[in-house]
Every structure is written in C-alpha cells, then in structure tokens.
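The structure follows.
First chain written, first letter: the chains are A, B, C and D, and each begins at residue 1.
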Amino acid sequence: MNNNYYGWGLPVDISTTGWRVDELIIVIHWVMAVLFVGWFSFLIYSLFRFRSRPGHKAEYHTKHFKTPTVLEVLVAITEVVLLTAFSFPIWHQYTQGLPPAEKALHVKVVAEQFAWNIHYPGPDRVFGKADPKLMSSTNPLGLDPSDPMGTDDVSTINQLHIPVGVPVIAELSSKDVIHSFFLPVMRVKQDAIPGQKISLWFEATKSGEFEIACAQLCGLGHYRMRGFFVVDEKDKFNAWMAEAAHT
Amino acid sequence: MSGHSPEAIKKEVRTYVAVFVALAVLTVLTVGASYLKLSLGAAILLALFIASVKGTLVAAYFMHLRTEKKIVLALLVLAVIFFVVLLFYPSWHHL
Amino acid sequence: MSEAGLIKHISHPHPVTGVTNSKLGVWCFLASEVMLFGGLFSAYILLRTGVTDWPRGHEILNVPLATLNTMVLITSSVTMVMAWASLQMKSLSKYRLYMTLTVLLGLAFLVVKAFEYGHKFEHHHFPSTDNFYATYFTLTGLHGLHVIGGIVVNLYFLLFGVKMWEKEPDQLAGRVEAAGLYWHFVDLVWIFLFPVLYLL
Amino acid sequence: MSHDASHGHELPFWRKYIFSVDHKVIGIQYAVTGLLFLFFGFCLMMLMRWQLAYPGQPLPFIGNLFSETAMIGGIMLPEFYNQLGAMHGTIMVFLGVVPLAVGGFGNFVLPLQIGAPDMAFPKLNMVSYWLYFTGGVLMFASFFVPGGAAQSGWTSYAPLSVIASSGQTWWLVGMAFLINSSLLGSINFIVTTVQLRAPGLSFSRLPFFVWSQFVTSFLLLLAFPPLMAAAVLQLMDRLAHTSFFMPSGLVVNGQVLEGFAGGGNAVLWQHLFWFLAHPEVYVLILPAMGIISEIIACNTRKPLYGYKALVWSVVFLGFMSFIVWAHHMYLTGMGPNLSAFFQVTTMIISIPSIVILTTLILSLWGGSIRFTTPMLFALAFLPMFGIGGLTGLPLGLNAADIHLHDTYYVIGHFHYVVAPGTIFALFAGIYHWFPKATGRQMNNFLGKLHFWPSFVLMNFIFMPMLIQGLAGVSRRLYDPMQYAHAQPTQPLNVFISISAWCLGLAQIPFIVNFFWSIFKGKKTDQNPWQATTLEWTAPSPPPHGNFVKEPVVYRGPYEYSVPGQKNDFWPQAMKENN
C-alpha cells in the first residue's frame, strides 16, 4: 500500500464529486483562519496597549465600536454563502443526484459486527432474495438458494471492487448495530442503520487499492472492520468478477 | 383566586362543580366518538381536540391558570414551544 | 443569626412577580414534566408512524374500564381543588374530608390499573409482545408511578401537614396548592393518554 | 418552617458538613466531588492515550494491576478501551464539569451575587447533591460489575447499547440519578434568581455570571427530561425486552436475535439523546462565559463592553440550543428538508457565540489590565474558545461533515471548547473565588506554574487531533494502525499522548496550591480583588445567611473607574458616595 494516498491533511481524492467537499473544507478553513488572526491580533494588541502600568488609568466610557457589528454581519453573510453556494448544492447532489439506474453498477453493502458483506447482482443485474432466517456463518447475507435470480449473484466479505469511471449505487444496511460506511478517498460516508436501507452513490476516476473504514462505534471489533476498496480498470474488474463468481 | 371572602369561595366551588360536569360529559363524548367508524386521521383529530378542551378546562380552572401571573405563563409558553418541537421533529426524520 | 438570614416569599407572594417560591418552583417542575411526557409521546408518534400494522387501541384494551378510571381521576381532581378551597375557607374538617377523598380516589385509580395489568399478564400480553404493548405499559406505568408519588405527597399533607395549620396556615395552603397543581397535571397527562392509547 | 428552628444552637457535625442545607457547603461539596471525578476521568484518558500511542504494547508498571477482563499481561483489551472511552466522556461531562460549573460555582456564588441568604429551597439543594453523589457512586461501581462499565460511548447509541453487557444498565440507572439531580438543582436556581434578588437588584443590574447560570438552569430544566424518557425506554428495552430501539430482523453474530419483537427505530434514541446533549454542551460553556466575564471586568478595571449585547446573546443562545440538535445526525439518512433546517439553525446559533466572544475581547479596550492568575486563565479562554467555535463551522455544514463526521476533527473541536475553554474558565473561577470561600489567597507563583504549561500542552494535544481528523482518522478506534489512512498520523498520536501525560504532571502545582492555600495561603480581607459585585461585600468565608445586613443595590454590576470617585471600583451595595 504505497503511502502517497494518505498523509497529514486530506487524503487523495479519486471521486468525481469529492473535489467539491474538499473545496468547501478549504474555503471554510480560510474563513476560520482570517477570523482567528483578526480576532487575536486585536486581542494581543489590546493586551499590550492597555496593560496596567503606573500612570495608566482605565476609561469608564470607551468609544462605541462600529467595526465589530460590521464584522458580525459579514460573518453572517459568509455563512449564508457557505450554506447556499456550497453546502445545499453538494448535499443535494450527494443524496438526490443518483446516476440513472441502467448506467450504474448496483451493489448491496450489508454491515455486520466487524465485517462488510458485499453483494453483487451478477450479469442478470437482479439481486437474489435474502432472508435473515437463512443467515449463518457460511451464508452471511442469508441468500435464498432456491431463488433462480440469485444463482449468478456474487457475494464477498470486505472486498468491494468497482470499475473506474462507472457510477456505483450502493444500498447500505446493517444486520445488528449501527455502523458507518466510510470511503476516505471518495469523500463518502453514510451510517448503516439496522432496519433501514439507505442508498448512496459514488464514481471513481482513478484505479488503485484503497480501504473501507467503519466510522461509528459498533462494538469491541470496531477498530478492525477494515474492508478493501479496489478500483480496477474495466477489463481487470470483469476478470475479477468472473473469477469471484466461481469461488 | 379572587378575594378570600366566603361568597367568592362559594362562587369558586360552583365553578369547580360545573367544570367537573363538563369534564365528565366530554369523557363520555370522546368515548362515544370512538365508536363512530371514522378514518384514523379524523379520529385522531377529533380525540385530540376533545382532549385539548378537557385539558384547557383543568388547566384554566383547577390549576388557576386563568388568573395566574405573567411569569408562570411565560414559563409554560416556553415549555410548550419545546414540547411541540420535540413531539414532531423526530417523526419528520425522513422529510 | 441576622434577620437577613430568613428566606423571603415562602408564604407571601413576591411583590413584583406576584408568586410564592413554592408556586414558581412547582410550575418549573411541571414544565420539566411536560418535556418528560413530551419525550415519551414523541417516541410513541415515531414508532406508530414507522410501522403499518399498529393495532387500534379499542380492539385490545378495555375501554369501559378505562373510562371509569378517567372519571375516577377527574373526580379526584375536583376533590383536590375542593380541599384547597376548604383551606381558604379556614375549615380544617372539610379539608381533611376532601383530601382523604382525593387519596382514596387515587388508590382506586391504581387498583383499576393493577386489575388491568393483571388481566393483560394472564393473557400473556407483556411489554415484550409488541411495540403497542411496550408503549402501553411504559406510558401508563410511568404515569402510574407519578400517581403513586402524588398519593404519597397528599398523604403527607393529610397526616403531618395538618400540624403546620396552627403555626403557618398560609404556608400549608401554599403547599397544598402546589400538591394540587402537581395532581391536576397528573390528571391532565391521563386526559391525553386515555384517548391516545385506548381510543385511537 | 421558614428556617430550621434548630439554628439557635450549633448544628452537629454531620448536619453542618455532611447533610448541610447551606448553599455554600453544598457548593463546596459539589466542587470537590466534581474535581475528584475530573481527575478520575483524566486518568482514564491517560490510559487510553497509552493504547493509542503504542497499540498492543503492555502498559509498564501498572499494567499488571488490572484484572484479566481489562488487560492481559498489561495489554489492554478492546472492550476495556471502549469502557475507558465511554466512561471518560460520561464522567467528564456529567460528573465533572457540570457539577463543578453549575453545582459548585452556581451554588456557592449565585446566592451571594444576588444578595440572598441562601437558595430558595435549601433541603431540595441538599437532595440534589446527594442524588448526584449516588449517581457518581453508581457510575464508579459499574467498572466492577461483570462485563465491565458501559462501553457504547458516552452517547450509548442503540441497538449497540441495548445488547451491551450489564454495565450499560448501571450507566442508565446512574444517569437517572444525575438527571434528577440537575433537574431539581435547576428549579432551585430559577426560583432563587427570580424571587430572592436583593432590593434594587433588577434583571438589568444582574452580574453576567448570574445571567449565564439563569439561562443554564432553563437548559437543564427543559432538556434533561427527554433524556430521562429515553433512559426509561432503553431500560425497558434492556430489562423487559421491549423493542423501542430494536428494528425487526436483527441478526447478531450469526444468529437471529431472540426475545425482541422488533418494529423499533434505532434513530429514535439519537433524537432523544441529542435533544438533551446539545443543550448539555451549552450547559458546559455558558457558566464558563459567566465566570470569564466577571474576571475580565474585575481585572480590566472597567465595565464590560456591551452588557446588553452579552445578555441578549446568552438568552438567544439558550433558546436556539433547543433546535439545533440534529446536526449530530446528518448521516443517519435524514431527509433533505430537515437537514437544511438544522444547518440553518446551526449557522444562526454561531452568531451569538461570535457576539459574546467579540464583546469580551472588546472589553479589554481602554482597560488597565492586571495579569493575575485568574485573569491569565480568562484571557487564554478567549482564543481557545475561538478555535473551538470556529472548528464547529465545517462540522455544522453537512457537506463538509460527510468527510469530518465521527473523526478526530470532532474530538478536536469539542475538546477545544471544553478543555482549554470551560475547564480553564473553571480554574480561573477557583483562583478568583478561593479567597471568598476560605479567606485565604492561592499562591501566585504556583498559579502561573500551573497556567503556562497547561496552556501550551492543551494546544499540543488538541491541534494535532484536528490534523488527524482532516486525514479521516475515525474516533473511538482501539488500534488506529489497522487503517492505512491513519498510519501516517501515528507519530501525532505519540506526540499527543506524551503531551497528555505531561498535562497530568502540570496539574500538580494546582493540586498542591489548592490544599496548601486552604491552611497556609496569604490571609485576605473580604474584597482582595477590589471587585464591585455583591459577594465581595459579605465576609470571607460568609457565615450562614451570608450578609450581616441585607444589601441594597444602587447600580450596575461593573461600575469600575467611575469618573469623580476616589476608588477605581464602586461596589453595587455601597451608598451614594464612597
């Protein structure tokens, strides 16, 4: 795992939409830096200038400052801009901007205490039925063997392979407690809540081997719930899919 | 609590009995209403309306909110605002 | 011990706010109780709107018995306010009568409740059966605990509070009023619990 | 009986100090118990920092003191790490900071500052403390029950908390005690502030500390009960196997979960919990702002810049804190409209915080600033709370929260507000009011020896966490080395851990100073800081009933350097000319 993906700041971004999240984070941090420097250089200056020393008296009436109210209005306007120009559009695209169903690769991600079950529909693009009663250690997804549509399905544990440049729609759910499906390099995170199916979408622009992280405390194995998130070129992906279908 | 003179208290007692009768009647009414074959939505609205009337009667007369001081009413208004927010926001989770 | 050591506005209202300490205190407590039952009703709404197969209350629960229970609680509300009015009329005997009635009616409410619960347990309907029973038992159970608390307070004022009547009549009246406000609130909660659980 | 008839003669020891009804004794009881729990919570964190800095390596020296269920051969187990995490949060918030800020300072200073002889309901005040004490004992004891203490985070999200070991039940029962303690306490504070103000002390003349405690009491009064309701529901889920928070069809480690009918909703717990927890974090910060403004006014020898702006901001902050809670839940599949609503309210709530911080900074302009120990802590609070508030902005916008949610960025954000923020303000308050409580002053040199290292080390601990957060390092990880994206920031973990242990050492001057000064501190008169508020007109330490003669208030709380006056401070209760 060569390490130029990750460092001290934001990890590498290989998602088609991740740059907008990064842009927002960077813009906010510039706003924060300006506010912080402004506030505290003024603080340091007034500490120095108005330190108590012989002959220096405190004033009862100080002049009414106009600038702070102007600054506060400015901050309010900045926040409105951050909300309307950045946050709302990004969130709208993140939750409502799903790609057309026929063009996307559909995947089911079922979280459980301490692993990610990945369920591909296979060439017929139809998921086989699954039933919690059939779930066992050998059949973590509870796939129904009698369902004809499920025979070509592919299911893996902790192995999420996707082709480059193809949008993916993942339907997220959990078998036991709340987990949180997090792909640092895709700037994607979504809680997997038992009893709910939440779908999210993402599209990779570069191939490589990355990882899935669990971002919500889910028990004593929460730290070791690491999955492999591999983005392959198209043909490499198809080969992997075929090979996975046989095992 | 108007004055503490005996007639004032007598009048108060009469209103308490009147309120009691009203509450009893409303209880019978709301139970009766449940036997009407209303849709769930209509049933909810009707039942809550009757319950609110009964509640206001108890609060206004028995709890003397009718003649209560501003500070107590302000406190209750604040509590009711957050009560309503707490009541509906969680179930609007998916909106 | 300087004269300044005495806490003011215990029996006589504050000149500006117009209320005594105990009245403002009990209304603050009732505001927090509004939020407590608000949390429970919010859970009820979320759970009910989250499922499609929530049974209708009157198909499962015993409505006539609950109607009787509502009448019992309303009557106890009236006797409670009459007990307070008796103190205003300086009649200790009337106060004792109405306060005893209030306590007895409160106990009657609990007896009916116990009967209802026993009937459910016999038929193996427990809080764990489904979320309808879970909500029913939790909401009425917590309300029942509040009724028990109210009965204990009323009993205290019936048996021991009376001694305060000779020394500090106004303070006893203030405290009985505070206990009354709490008791009316418990009745108010039942006025909403009854249709929500039993009739909808 | 308006006042204990037994006051004619001296109270027995246990009535005077253990089951006391004097707000000052109760305040000190709260403060000391709060400090002990703060130290205990700090020790839990120091253990966690070993595991984060050197994952899987045995803890030297004290490693083998722990039972097999916690550490095997000194190597910490994941479940014990989760217990430390959950209890560090719970103890610091509910058993440490709130009792110290509200129970300790509120109880001790508020009646004195409004010229009241005591709290409106002294016995209720005593009951509040002992409910808090019982809750604290339950929380402490829960470490020794089978399965250990609660380990689902201080937030105890369902269904994880519902299927957790028995320590979670102890946590819930302990929380029930703490909730009712704070609830009864808030009733006491509201009634005392409204009813027992000295003559002439109108609301517009109240010191800002009293305003902050008053608003805090409303937060406690109206926000805690929904958590009580949630605790009842979770107790029913755990003990009576109801399914309030348990959806249908749960499968836990391979088997279908028996005994739960299902149909519940896991997000319901989050709504009820955060409905309390957000006002709770404002309960943590508002008293700190109150303490800071008192100390800044007194040590700049001039009135606060915008008293009205401060008061309106703190009232508006209190109100808004009830309608922002779901910004903790952006990623739980919330609908777009609700998510937009909570983003807007979260942005709106940042305005009063900015106004308060700006007003406090502007209060320095034109002053004659004395750098006493409390003033140092108060001045350090301003930039630290600034960073804490600013780092809340990216988390408040759900688009940026996608990447930053549940990472070390969140840990850095709220610790900046609570640690160098609230806890520095509490230290400032202790140094400031110690002379009023004991009649002696804390040593200045030891104070500065406590301040400077703590100030530097706090930043060495929490600034790197923000960097880790940007890298996407998740919180509550027993062993961060498992994730490739966390490995580059591992040296930061070592740096943070060493700074944390040094911060522990840096508290020794304070502990020594605290106990030494009680007996050996420099004796002071009743107004060592020459302050104007009412508590400085009472003797130090004030007798039962506080004031020899009931004070009458003639002017605002911060009349410093009034032109034409002999002294540069004009106490509120002093007659016209001084």
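In this section, a residue touches a chain if its C-beta (ideal position, glycine included) is under 8 Å from a C-beta of that chain, and two chains touch if they have at least 3 such contacts.
The structure presented is a predicted model; accordingly, all values stated were derived computationally and were not measured.
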item: Inter-chain pair with the most contacting C-beta pairs; value: A-D
item: Far-end chain from chain C, centres as C-alpha averages; value: A
item: Whole-Å gap separating chain C and chain D, where each centre is the average of the chain's CA atoms; value: 34
item: Interchain centroid distance [CA atoms averaged], chain B/chain C, Å; value: 14
item: Between chain A and chain C, centroid-to-centroid distance (C-alpha), Å; value: 49
item: Multi-partner residues of chain D (at least 2 other chains); value: 194, 222, 226, 264-265, 267-268, 271-272, 275, 332-333
item: Residue numbers of chain B (touch at least two other chains); value: 71, 78-79, 82, 86, 89-90, 93
item: Set of chain C residues in contact with two or more other chains; value: 17, 19, 24, 28, 31-32, 35, 38-39, 42-43, 46, 50
item: In contact (per the touch rule at the top): chain pairs; value: A-D, B-C, B-D, C-D
item: For the chain D and chain A complex, residues of the former touching the latter; value: 77-79, 82, 85, 151-153, 157, 159-160, 163, 247-254, 256-257, 262, 264-267, 300-303, 305, 331-333, 336, 339-340, 343-344, 347, 350-351, 354-355, 357-359, 361-362, 364-371, 379, 382-383, 386-387, 390-391, 393-394, 397-400, 402-407, 467, 470-472, 474-480, 482-489, 492, 560-563, 568
item: Residues of chain B touching chain C in the complex; value: 1, 4, 6, 9, 12-13, 16-17, 19-20, 23-24, 27-28, 30-31, 33-34, 40, 43-44, 47-48, 50-51, 54-55, 58-59, 61-63, 69-72, 75-76, 78-80, 82-83, 86-91, 93
item: Touching residues on chain D, where the partner in the complex is chain C; value: 1-3, 7-8, 116-118, 120-122, 124, 183, 186-188, 190-191, 194-196, 221-230, 232-233, 236, 240-244, 259-261, 263-265, 268, 271-272, 275, 544-550
item: Parts of chain B lying in touch with chain D, wherever the complex brings them together; value: 71, 78-79, 82, 85-86, 89-90, 92-95
item: Chain C to chain B touching residues, read off their complex; value: 17-19, 23-24, 27-28, 31-32, 34-35, 38-39, 41-43, 45-46, 49-50, 56, 58, 63, 67, 70-71, 74-75, 77-78, 80-82, 85, 88-89, 180-181, 184-185, 187-188, 191-192, 194-196, 198-200
